[in-house]
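The structure under discussion is supplied below as structure tokens; questions concerning it will follow.
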């Protein structure tokens, strides 16, 4: 069905289509509309699911862990401080190999209180063993959430997936949305190690130094296998529903001398900047990074690269810029912009490209190169 | 691309108005986005929402700094907010007011949305509903079509008085 | 199928033969014993069976059985190793 | 005895300390619950008692979860099983630290939401698994590794906190009365909704008494009125047999205190305070049983 919806509504609709057995969530701005809409669907009977109104995000993820291990598809949504509050359980979910799908509406961290977009919240969960995808449109929020269930539950993966979208700028924007009937694109939930009193096991017992690392390696093995699974699922999604996605969304990159790498809505707005730059004769392209874990292989050889980081790792640099630098060897121009919802327009992005200084870092608005 | 900036107070329905306009434009076969700017403010504080309409997919998420149209749902805001800031030289203004207001450069339209809402008894929790009649005014201005305005209103609201209010605003709009 | 996570499966002696933990062993005087079964009831490790035989492979020698026996039929005796 | 199933769901032999009352309790909890049961265990002694990968003494599924998360994890699990049409017992088996301290928020949430599960707190009055640091359940005057001079404040009244959630069933128990515990677990599991059992579980190394005294120590806690055994069904109190007698004529508190190294060199004024607390508690329960609140 073709309609218009906010990013949050699109996600609630994707969850309704995926039919999880249990949803456990706690409200937090700017994610709240997702859980409100889901509660509405559950109450009206449009979604036959159990909604657990937990008392905290730590409990939200703990309840998802119990439910997922208990043998049903499970979903939660959070943001910012909520994500950080569940940090312990986020690690647990991945270690327990549970295909939980969580939407994180990216938001800055206090103090001071700030409810606007930033990616530092998600990046602080970087090493937990979760797959992470960042979306740029309402439609993509819907599509990625649907695909997340399929990818997470694939037996070659069995790891949780976090779908990230920018607070307010995507969670609250209204755009067109085509909803689909997923049919058998999402098969019934099957967890090989679901709890079964007929086959009693102890889950996550004391595991000594001679054994523990083997299970850590298995997470990494699955994370590597996940690249192929993601590609497969995205290809099948394109065949069935006509919309294709990849590890990056490349725009006018083929002959580009300079490529802008950004994530989320800034990555989408960068395409407008690219058009402007092309009009001026600057051969620019945009590469919107979608998958952050597993981190994709990027072909950036022989180009200048401008990375916009809506995040920061203090004492180190922009997380995306440094990931790209270590993975590809290129020395990007690293712009730190959009923190806490800082307004960044396509004109600003075009300026970043015009004034690029490869190898350097620039905090937008601070007007200092470092 | 046609860009609209809506000024209202929290609780007056500016955010829903933006969604309704985008939906009507979408039903006209255009691409449209509606994007509220949320401050930390509460009910009663000035708020601003944005609508973009285009024939091509819209990739811009930042705020509208140079609007083609400024809608003011509550003219008392004009004392505290420079609603005309950045308005394009040939831009237009739509005021919720029974009479014209001095100081608006360029084309300034006005219509008494509050009066229309009260006449139809469209009041929720003490506040007259302005977001459905405003769609009628925009239809008159040619930004959306009247049939799509009706469709959009019916998709979001079940009360037919909203359509009547839009039709009244369509009739009463004055430049 | 590969094990993706640590899953333990039930078995006896998962912690080895805990009888080796013992310093004192329970010795039952069958003459005095009236088979009330309190020793078995109170044994934290369930090593006393229906016949009130103590499984010395696993008995940790806590002495609860001896302390709780109303007849004083169980003596704790120093292990000789 | 004849009503207690012979089956042991806790296999020989666990890695519990010799004389451990919590593994004794677990035997009876599982006998009462039977094989169609899942235990949820946060960090506590039972994390170790169950055995080390890849073997375990537990013959029912056990889901280990982080310290603060047991009740929430059980909420999810209970909902998943019910969604699948299964009425498998979901039982949290948690220590006092994981219940009265770090886990109390999740516990409160799960009870308020009406989760269909049984939460059992086995209370050895300190963080036993990590070597006896004080918990909110450590009683006044008790020495722990973090209260080397004796705990200056009273034990947190967990039961009154749980009671404030108005659960359909709650009870106290003690490892020294395993048949009473068995019956209470049976009854709890026969009632839908959130149920709670608080077990006093004496700990030889933590309380510093000889291992053979575990049952004796539990009985003294009850006989002195320090620990009162009761049930509360839909709010209605009924004092359990052993405590009825004890409340009428409690044994002197010293009998309970003197055998425990953790109360060594207790100041007389602290002992007086402890005695007052015991008396007040007994009176409170007695008044309620007589119908005057």
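Letters A, B, C and D name the chains as they come in the text, with residue numbers starting at 1 for each one.
Everything below uses one rule, namely that a contact is a pair of C-beta atoms (placed from the backbone, for glycine too) under 8 Å apart; a residue touches a chain by one contact, two chains touch by 3 or more.
The chain list, named the UniProt way, goes like this: A = Pyruvate ferredoxin oxidoreductase alpha subunit; B = pyruvate synthase; C = Pyruvate ferredoxin oxidoreductase delta subunit; D = Pyruvate ferredoxin oxidoreductase beta subunit.
All figures in this text were calculated on a predicted structure; none of them were measured in a lab.
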Neighbouring chains shared between chain A and chain B (pyruvate synthase), ordered by label: none
Farthest chain relative to chain D (centres taken as mean CA coordinates): B
Interface with the most contact pairs, given as the two chains involved: A-D
Intercentroid distance (Cα basis), chain C paired with chain A, Å: 54
Distance between the centres, which are taken as Cα means, of chain D and chain A, whole angstrom: 43
Length of the line joining the C-alpha centres of chain C and chain D, rounded to whole Å: 23
Geometric centre distance via CA averages, chain D-chain B (pyruvate synthase), whole Å: 63
Junction residues of chain B (pyruvate synthase), two or more chains touched: none
Shared interface positions of chain A, touching two or more other chains: 200-205, 207, 211
Touching two or more other chains - residue numbers and ranges from chain D: 50-54, 56, 58-59
Overall pattern in which the protein chains touch one another (line/ring/star/complete/other): other
Interchain contacts, given as pairs of chains that touch: A-B, A-C, A-D, C-D
Parts of chain B (pyruvate synthase) lying in touch with chain A, wherever the complex brings them together: 18-19, 22-23, 26, 31-38, 40, 58-63, 65, 155
Interface residues, chain C side, partner chain D - complex: 6-15, 17-18, 21-22, 37, 41-47, 50, 55, 57-58, 60-64, 66-68, 76
Chain D - residues contacting chain A, complex: 35-38, 40, 47-48, 50-54, 56, 58-66, 68-69, 71-84, 88, 105-106, 108-110, 112-113
Touch list for chain D against partner chain C, complex: 1, 6, 8, 10-16, 18-21, 23-24, 27, 50-59, 178-179, 204, 210-216
In the complex, chain A residues that touch chain C: 95-97, 158, 192-193, 200-205, 207, 211-212, 215, 218, 222
